[in-house]
Amino acid sequence: MSAASLPAWVLASSLLPAVLIFLLPESRRRTRTTLNLAAAGLKLVLVAAMSWGVVRNAPHEVRFTMWPGAEFILRGDALACLFAGLSALLWLFTTIYAIGYLEGAPNRSRFFGFFSLCVASTMGIALAGNLLTFLLFYELLTLSTYPLVVHRGTEKALAAGRTYLRYTITGGAALLLGIAVLYSFAGDVEFKETGSLRAVAESQWPLLRVAFGLMIAGLGVKAALVPLHGWLPQAMVAPAPVSALLHAVAVVKAGAFGIVRVVYDVYGIEFARELALLVPLTIAASVTIVWGSLRATQQTDLKRRLAFSTVSQVSYIALGVSLFGPLGTIGGLVHLLHQGIMKVTLFYCAGNYAETLGVHDIRELDGAGRRMPLTSAAFTIGAVGMIGVPPLAGFVSKWYLGLGALEAGHPWVLAVLIASSVLNAAYFLPIVHRLWFRNASAPWPDERSFGRFETSLWFLIPTLATAALTVGAGLFAGMPFSPLQWAMLITRREYLP
Amino acid sequence: MSPALWYALVGALLVAVAFAAFAAHTHVVRRLLAFNVMGTGSFLILVGLAQHERGPDPVPQALVLTGIVVAVASTALALVVFRRWFAATGRVALPEDDTP
Amino acid sequence: MTLLFDVILGLGLLLAAGGALWSRSLFRAVVLFVVFGLLVALAWVRLEAPDVALAEAAIGAGLTGALLFDAVGHLRRTRRDPPDGAA
Amino acid sequence: MSDSFARLLDVASVALLVTLLAGLVRVWRGPRAEDRMLAGQLFGTTGVAILLVLAVRTGNAALRDVALVLAALAIVTVSTFVGRVGEPPAAREPDDDAR
Amino acid sequence: MIDAATPLIPLAVVVPLLWAVLTAVRPQVRAAWLVVPGLLAWCTTAALLWSHVRAQGVTQYALGGWAEPLGIGLRADGLAATLTLVTAVIASACALHRLLSPPAEFADHAARWFWPLFFLLGAALDGVWLAADLFNMYVGLELLGLSAVGLVTVAGTTIALAAALRYLLAALLGSLAYLLGVALLYADYGTLALASLANGFTASTTTLVALALITAGLCLKTALFPLHGWLPPAHGAALPPVSALLSALVVKASFVMLLRIWLGPGVSLLVPAVAQGFGVLGAGAIAWGGWQALRHAELKMLVAHSTVAQLGYLFVAVPLLVDASAAARASAWDGVMLQVVAHALAKSAMFLASGALIAAVASYRVDDLAGVSRHMPLALFAFGLSAVSLMGLPPSGGFSAKWMLLQAALASGQWQWVFVLLGGGLLTAGYVFRVFRASFLQGAEDRFTPTPLGWDVVALALAASAILLGVMAVAPLEVLRIGAPPSVGLLLNGAP
């Protein structure tokens, strides 16, 4: 394989397994497991190799013409590696988790097939080198997640699937229209650090604003910007690994990542500010952060509370991006990673409680810390990290976001951050309190025994690994290749042409 | 008025009458009759108008020959289908048209 | 004189066609249709198209007429006792 | 061909055509299927006559072939009639204008 | 550019015609032995013709060496060559589906006529694509209608018979209107060859009446809303491979004729009002077909109504083909061409997949598909892939086509069509996800009838090619531009 075609191989490393898994008979459990894990491992290696090329300033690129005037471009630039690395890492863990989770369940071929397809779409979104390629994978993600949302085949799951589709397909149409409008006068828009639309004549600026609004609206659906977030809490009926990877990471991050791409690599941050596009985005993100947190405090179902927390937390990324200034950018980008790692930990834990104890409601969690100390410890780390307690990952993000707000001259954003942190504490700490400081008042609803360990090893290993990463990302933020350093690298390139 | 034009005019009238019949009848055989008359009418127009403009002309005649063959093939097929339909249901009109 | 012939023939065509299309009796309609075909053959002769006249006589009037007779006959024989009165 | 002969042929053709159309009355009124059928046959015969007259009048030999076909056609229709339509209902034709 | 050494053009018609005769006279031979070589020969001819046109440009052929006007002129431009190839491929897929079907399904005596009619249909289609004059088009169209009606009756059910009769009456009326129009045109211009008419029509009364008749007739045959009433029952009641052929190709024949006439000699009369009128009808088709598909209880009727809606896209493109700048017109041409091909592939795949699903659950109802996703993942996957193209989601031929039409609409400032195109996609998503929703419901396990695996594979192959067309559209579009009407504003090999 030639080095330049690396992005294609990264994509293929989940696309081919997807096809193979679809073709595997349901009963070939071992083959499927091996294939899944091997592909996940291979992808991690490939993404690492790609990142090395970025550091050496030699990004990889694959392109061909789909039809006259429309190119298909995959490119491994710094931003792509950030998202691809996150997805590849969490895919590995979530695959392990899912193998344990679906032990003995029906339709595993279908599940893992679409699961791999989802990751392939996420990789495509990360690596897309122009808007059209981005759109292509963005829609593919919608299609491949639908079967996962409705996987259980219950009426409730199907209703959630319908809501999901209504939001995402309409959002996709808005995005398509936005991109089409942009293409109609700017031609094939490639992603380029510092943007590529500056040359557009001033007479077209109103159209540029329309296109921006449409694209952000389309991306905002997946990024769960209020009021476009309605699908996310409902989609929590999906199996735990799906909620974990897709609705904490892949889908919502695809939206957020798209916003990052549009602002930085299509419009260019400076140009976007000149067009006065950023302040509305800042406001929308701030509203979402507060609203999501408020709603989260009202939920008693654990996964729904986490879902609203996601609504709130993902908007930190949009917030960081829309604050004009390098510090805000660093905060937003690093949060893309940190939030993913922390939230996936929390979802794993929620899955562990549900699968081991049958607990779905927060009020049933009393005393779970004694029954499942490792899981509960991981949950505590994730929760505290989310609140933003130093030295965990969440603190790093919030620190830079706050600095960025001051630098950009939006001190009111600080108030949003503080309010959100207080609310974070208000909905996470009671859970932590219940876990450790209350005694179980009733027997667990549906307890299963997994032998020597508190729960299945398939569950425990990913949970602990991501919890460890949460700590590590904060503690070692100064080390080379840490998320923070990578975000700084990207920021340097976005601001210094 | 040349004979050719006269026959074209007759053809036009035939088409009009037949189209009215096609729309008015629901009986499949009657509609086929109407279709055939309509076809003949258009053939007359085709040849009549052309020869009115340019005198005897083999091209439209060749076209009409083809048209006659096509028309009889269509009629034959329609009758075959109709008879199977009639045998199966005892109806002579199509269900949607079969208003009481 | 030939003009007279053309006029009479044209009117005859319309008459026969009208009868074939609007006759209450289906059988009568088919007979009139055959007659119509025959008159059209004459019209083709007047239009200096003997080949078409030949085809019209053989196919338009002859074959189509026979097919229609066949179908109508079939209908009549079956109509003697219509299946569950659906006809 | 002399002028008077041509004129004679023209008159003959018109006369034949008129006879032919007069037969329409019988077809229309019936009352029995056979009456209609036979009137139709008369048409065939008259048609052949007209064609032959026209053949002479225009000197176009191809019209004789048409006449030949028309004569043959009569056989086809009669045999179909006899074979397929079968014996007619006793007195009058019913109106088969059922749906 | 007359290239007498190109017998490939007539062969594309003669080969299927030959097999129509062969299968008619030798019905006792086992179908596969006779049919498969025929399909191979047909596909080879079509592929050779396609590559010939790709290399040499527009190719003409005068049958029997007679020149116009008496001879039968055939002309292979990019559109004709591509559609000939697509016809051969889709027909082969449908034939394979049929060959793989269990024989007991076709006890009906009409089944004997399946293969002759099938090949006749193919010959008629190729005849229409390759016809160089209005009358050959008529003959092709008429044969097409007759063989299509015959094929519908092969299903043997009463519903199919009624649908076939209705289809036949509509087809006869349509082709008569067309013929009448052609007669009037001949009176005005003394020729029917499109090449000789290239100077364009004049706005005489006769011509206007003729164009109106031709358009009405062809719209009836293309089932353009509101003349679509005959289509859903016919396409819904026929056997799956027949429905696939009808929806994929047969309705396109009259559309291609419309395109050739209006964009060829008729383009000077295609004033904005007329073009916008076509667009409005197309929008009506999208809305009405989509709405009907949303509420129909039977799977095949759903798919058939989807055809009505998808045909609407072709007509929505008409205003963009004339009432716009040169670049927009070129984009619209690419879009409409790609939509024709992509819809053909996707819809045939969808009908074949639906056939497999229906056979598996032994019911026509969408609601009875519960649990089928576990039992028939491949068929459902094929259905899904074709649905992606129909919805116009990327990556697919349907998406690329929609994209190009969107670009044309935006470039010419015709925002109304932008919203029609997007709204149509949403409506399509609405009805195809009904099917997925039903199939993902948990259902009883043991009620499924096994179906041949080959059915799924054939459908999957067609659907996959509809998807691939979206990302590999360069070569097909290049060929489809060869010999495009000059009014569209394309240079022979130029970029837009």
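General remarks:
So that you can tell them apart, the chains are marked A, B, C, D and E in the order they are listed, and the count of residues begins at 1 in each.
Definition applied: a residue touches a chain if its C-beta (ideal position, glycine included) is under 8 Å from a C-beta of that chain, and two chains touch if they have at least 3 such contacts.
Note that this is a predicted model, so its numbers are computed, not measured.
Of all chains in the assembly, those touching chain C and also chain E are B. Closest to the protein's overall CA centre, chain by chain, comes E.
Farthest from chain E in terms of Cα centroid separation is D.
Using CA-based centroids throughout, the chain positioned farthest away from chain A is D.
By number of C-beta pairs in contact, C-D leads when A-E and C-D are compared. Averaging Cα coordinates per chain places chain B and chain D 21 Å apart. Chain C and chain D, compared by their mean Cα positions, are separated by 11 Å.
Distance between chain centres (mean CA atoms), chain B to chain E: 27 Å. Chain B has its Cα centroid 67 Å from the Cα centroid of chain A. Annotation for chain D: residues touching 2 or more other chains are 97-99. Across the complex, chain C meets chain D through its residues 1-2, 4-5, 8-9, 12, 15-16, 19, 23-28, 31-32, 34-35, 38-39, 41-42, 45-46, 50-51, 53-54, 57-58, 61-63, 65-66, 69-70, 72-77, 79, 87. By the touch criterion given at the top, residues 334, 338, 371, 373-374, 377, 381, 384, 388, 393-395, 399-400, 403-404, 406-407, 410-411, 418, 422, 425-426, 429, 433, 436-437, 440-442, 470-474, 477, 495-496 of chain E touch chain A in their complex. For chain C in complex with chain B, the residues that touch the partner chain are 2-3, 6-7, 10, 13-14, 17-18, 20-22, 26, 29-30, 33, 36-37, 40, 43-44, 46-49, 51-52, 55-56, 59-60, 63-64, 67-68, 70-72, 74-75, 78, 82-84, 86-87. Residues 7, 10-11, 13-14, 17-18, 20-21, 24, 27-28, 30, 33, 36-37, 39-40, 43-44, 47, 50-51, 54, 60, 62-63, 65-66, 69-70, 72-73, 76-77, 80-81, 84-86, 93-99 of chain D are the ones touching chain C in the complex. For chain B in complex with chain E, the residues that touch the partner chain are 15, 22, 28, 31, 35, 38-39, 42-43, 45-46, 49-50, 52-54, 58-60, 62-63, 66-67, 70, 73-74, 77-78, 81-82, 84-85, 88-89, 94-96.
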